[in-house]
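What follows is a structure written as structure tokens; I'll ask about it next.
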Amino acid sequence: MSEPNIGVVMFDAATDAASVIRAVELAGGTPVTLHPKTTVAPDLADLSVVILPGGFSYGDYLRAGALAATQPIMRVLAEAVEAEEITVIGLGNGFQVLTEAGLLPGAFVANATPRYHHTEVDFIIANNSSAMTNAYELGQQVRLVQKGAYAQYTATAQELEALEERGNVLIRAKDSATGSDIAGISSADGLVLGLMASPEYAIEEGFGTDHPDGPGMGVDGQGLFVSVVRAAGAINGEGVVGE
Amino acid sequence: MPTIVVEVMPKPEVLDPQGKAIDARLPELGFREFSAVRQGKRFELTVEGEVTDDVLDRARTLAAELFANPSTEYIANVEVAK
Amino acid sequence: MPTIVVEVMPKPEVLDPQGKAIDARLPELGFREFSAVRQGKRFELTVEGEVTDDVLDRARTLAAELFANPSTEYIANVEVAK
Amino acid sequence: MSKEQLDTVAHADQTPEAEQSWAALGLNAEEYQRIRDILGRRPTEAELAMYSSMWSEHTSYKSSKVHLRQFGEKTTDEMQRNMLVGLGENAGVVDLGDGWAVTFKVESHNSPSFLEPFQGAATGIGGVVRDIISMGARPVAVLDSLRVGHEDHEDTARIVKGAVAGVGHYGNILGVPNIAGEISFDSVFQGNPLVNAGAVGVLRHEDLRLAQASGTGNRIVLFGARTGGDGIGGAAMSSAAFDDEGAANTPVVQAGDPLQENVIIEATLELFAKSLVEGIQDLGAAGIACATSELAAGGDGGMHIELTHVLLRDEGLTAGDILMSESQERMMAVVTPDNAAAFEEIMAKYGVEYSWLGEVNDSGRLTIDWNGERIVDVDPTTVADGGPVYDRPYARPDWQDTVQADTFRASTAAADLPQTGEDLKAAVIELMSSANMADRSWITSQTDTSVGGNTRQAAPNDAGVVRVDEETGMGFGLAIDCNSRYVYLDPYQGSQLAVAESYRNVATSGATPMGISDGLNFGSPEDPGVMWQFAESTRGIADACMELGVPVTGGNVSLYNQTVDTPIHPTPMIVTLGRYDDVATAVPSWLHPAFDGSAIYLLGE
């Protein structure tokens, strides 16, 4: 089985991109960087999964993710999703880009205490049959970094109901500084997914999150990238939403 | 050069943590006249040349497409600055 | 209930990175009518009761003390919402 | 000087008696006369602007130089053996082995941060990071050290919240982790807070770049943000004490644009990787005036600049304004004509604006034209390195004895020492909840500590630890420390204690200390008592370093930190950087549950 290619979009100031690339490699995938000005679908030809990494795309000026959402590649991705040719995953700021681009429902507002927070948060896997959770156990608790100033997810009552009903809330936060317990969701068809967390900082022992074994020993983020690589390679066909 | 002002506010039903945080400080600062604060954005667009109805329409389009996120915000005002 | 609108803008001589970044996107998005964008803030204050001159004055004081940072911003407007 | 009448060199020649506002620019009568002597005529307004900012305390170190010399003099060859670049450059460079090197530095941004704490602190981070990039290094960590007024004072929240948010805002968008810092509250900093920002960069030996413009015919280019009216006169201002009203004259606040800097970092590193620049200089205090004179003075000595080629944000700026502007996120580089096209390609790729300003020549002069007229014609070394050096009088102040006599034992507090267990508990709780000891997580959670993926340790550890080499695990640890009250009580010993604390924090985390950088924040050098503090403090640092066998690799001096005639407590912030063969061996400074059952030992006397 050859290593599946995973696209990573390099928005200006997507500060987590380098770590996402590393995480993809460690999970057995081959990262392929994509320029945000890409307007041609062939660049995506051999990709079945594209990640929008987190950070501060375009400084988060205007609104978090808003300027990235206007980049040409977002239209290309939207069309590929429409044609059911690709899965798009937004991590942290990437999730904000997806809501701004209208590819996921809802939006992000300022944290309950309106300022930037960088904290470790315990999350619960609420659905493990998605392109970013298939390597986790259902109900598993995972500890990841969560960061951002506008990281509070919000949606209308109808949107929330729809998300819950269809099981599209994939990951929940136990105690988040953002004010929202919804951390990871997917679109109804499972082709667009977002997670308001940074799993790429929990992939290597000693450089991860806090863990009973010692400071920085937590590597719960690995599962997410393994899930993504699996989804891309369709190694584990069953249970992967969108297959 | 003329300027078009575009104003965007959080929808009344959407959480406005920034407004709320200011709100909470008002009594402490001695401002009891105001019962609520909401915080939005104001944009100023410089127009080269005359502000025709067409240009104003383009400003409305820009506001809708870029300046306001329709799921949380609405356009409170688009007008030529006095 | 009546609302007072307070508007705050970055001073013209101070760099407005937000406005600049939006500016840079406009030609690519096809908006060539506007030669510059600046981004500021708009606050809405809900007033319990009537908006007397005194209340409007208090809003001006609040704007100067809390909403605008005098070293980088100026108060563009304080008025009763129509 | 009206805007219509351009003060050209020819005009200056013809009007020797014209009134010039040298005093408002922070020069004294002798300094002004010295400029006239150097030029053999009166300076043009543009030249005066250049000399005044380059000869300001902030840029020229005129009062501190004589004392800083001992950092070099007290360094043995043995201590120097790991230094690739020593004192005098933008930042010192330390060899880490295996072809790796590290450069680190702290810079003060005190007066801008009092005026506007958020932007002041943000641009402090931005500025020190550009210093690091201009050495050829990739910034891999930032740090900050803050001194603010009393926690109960009404203005303190403005300063501390603004500065903390500003440090976070800029560093977070750059994507550089914040791994260390400190803060303390004391009313002596009420009207003059200290905001020092630091950065660390890593590089391969072959990527080292210095600020030099050599090679006749090479071209000078300015890239990054456009030039606006930001912070004009800022360098002169940081060298003046605040008056009662706040600032003496308030320049336009410099606002930072970390998005722009983020892009510049990537573009600049690609320029280095492709060897497209011969020399490079970041634009900080005194902007283009500083960059051109330092580049020219560091190289073959000649340069010509067309100031009209500078891209402007505000068309109303005068030539003098453009020379002095402190607009952020700008870099100046020297490029060979052969590489010009490749340089332009990289700028286009990253969407960075640039303009070619002129070229290197062998005239020995720095000449600057504005609309075809010559407004500057100087020997650049006289601007960059020819400023006055003062051996200012210093003397131990009378009040020092009184301060030292006021010991804890001598005070009545001794009678109130806690007697019972309950008292002790209450005392501990009171201490731990005091502003200066309480939990710092409200600060550290506002910065990104993990971005980059190489952070082995950050807050709440004594030292921040970052991996440099993924293969071997080799990396560095660093800490920044200073107890200003100790230095106030005894500047010599207090400064030694600051070195010792910082060194200890790095050493006990398992790293081998390699060098220190200092951020020296003091009051007015014209006060002999303050000058004595400075002399004693630098002597203490140099002696402590000699004793510990670590060199001073660089530093920063900020003087005139005082309100009317009350100076701040002398605050030499010490950064120690140490090396790990493998950062996996770093020792955390807190009792993690994983260590349950471990024995605890107390070492030392």
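Here the chain labels run A, B, C and D in written order, and each chain numbers its own residues starting at 1.
Simple rule for what comes next: a contact is a pair of C-beta atoms (placed from the backbone, for glycine too) under 8 Å apart; a residue touches a chain by one contact, two chains touch by 3 or more.
Model, not experiment: these values are computed from the prediction.
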Which neighbours do chain A and chain D have in common?
C
If you tally the C-beta contacts for A-C and for C-D, which one comes out higher?
C-D
So how far apart, in whole Å, are chain B and chain C when each is placed at the average of its C-alpha atoms?
8
Length of the line joining the C-alpha centres of chain C and chain D, rounded to whole Å:
34
Mind checking the centre-to-centre distance between chain A and chain B? Centres are C-alpha means, answer in whole Å.
30
Identify all positions of chain A at which a residue touches two or more other chains, and write them in rising order.
58-59, 61-62, 70
By the touch definition above, chain C meets two or more other chains at residues 17, 21-22, 25, 29, 39
I need the residues of chain D touching at least two other chains; which ones are they?
257-259, 351
Between which chains does touch occur?
A-B, A-C, A-D, B-C, C-D
Inside the complex, what are the residues of chain A that reach chain C?
58-59, 61-62, 67, 70, 72
Given the complex with chain A, which residues does chain C contribute to the contact?
17-18, 21-22, 25, 28-29, 39
Going by the contact rule at the top, pick out the chain A residues touching chain B in the complex.
62-63, 66, 70, 99-100, 105-107, 109-114, 152, 154-156, 179
Using the touch rule from the top, collect the residues of chain C that touch chain B in their complex.
1, 4, 7-9, 19, 22, 25-26, 29, 31, 33-48, 55, 58-59, 62, 65-66, 76
Residues of chain A that touch chain D when the two form their complex
12-13, 15-16, 18-19, 22, 55-56, 58-61, 115-119, 145, 147, 177, 198, 200-201, 203-204, 206-207, 210-217
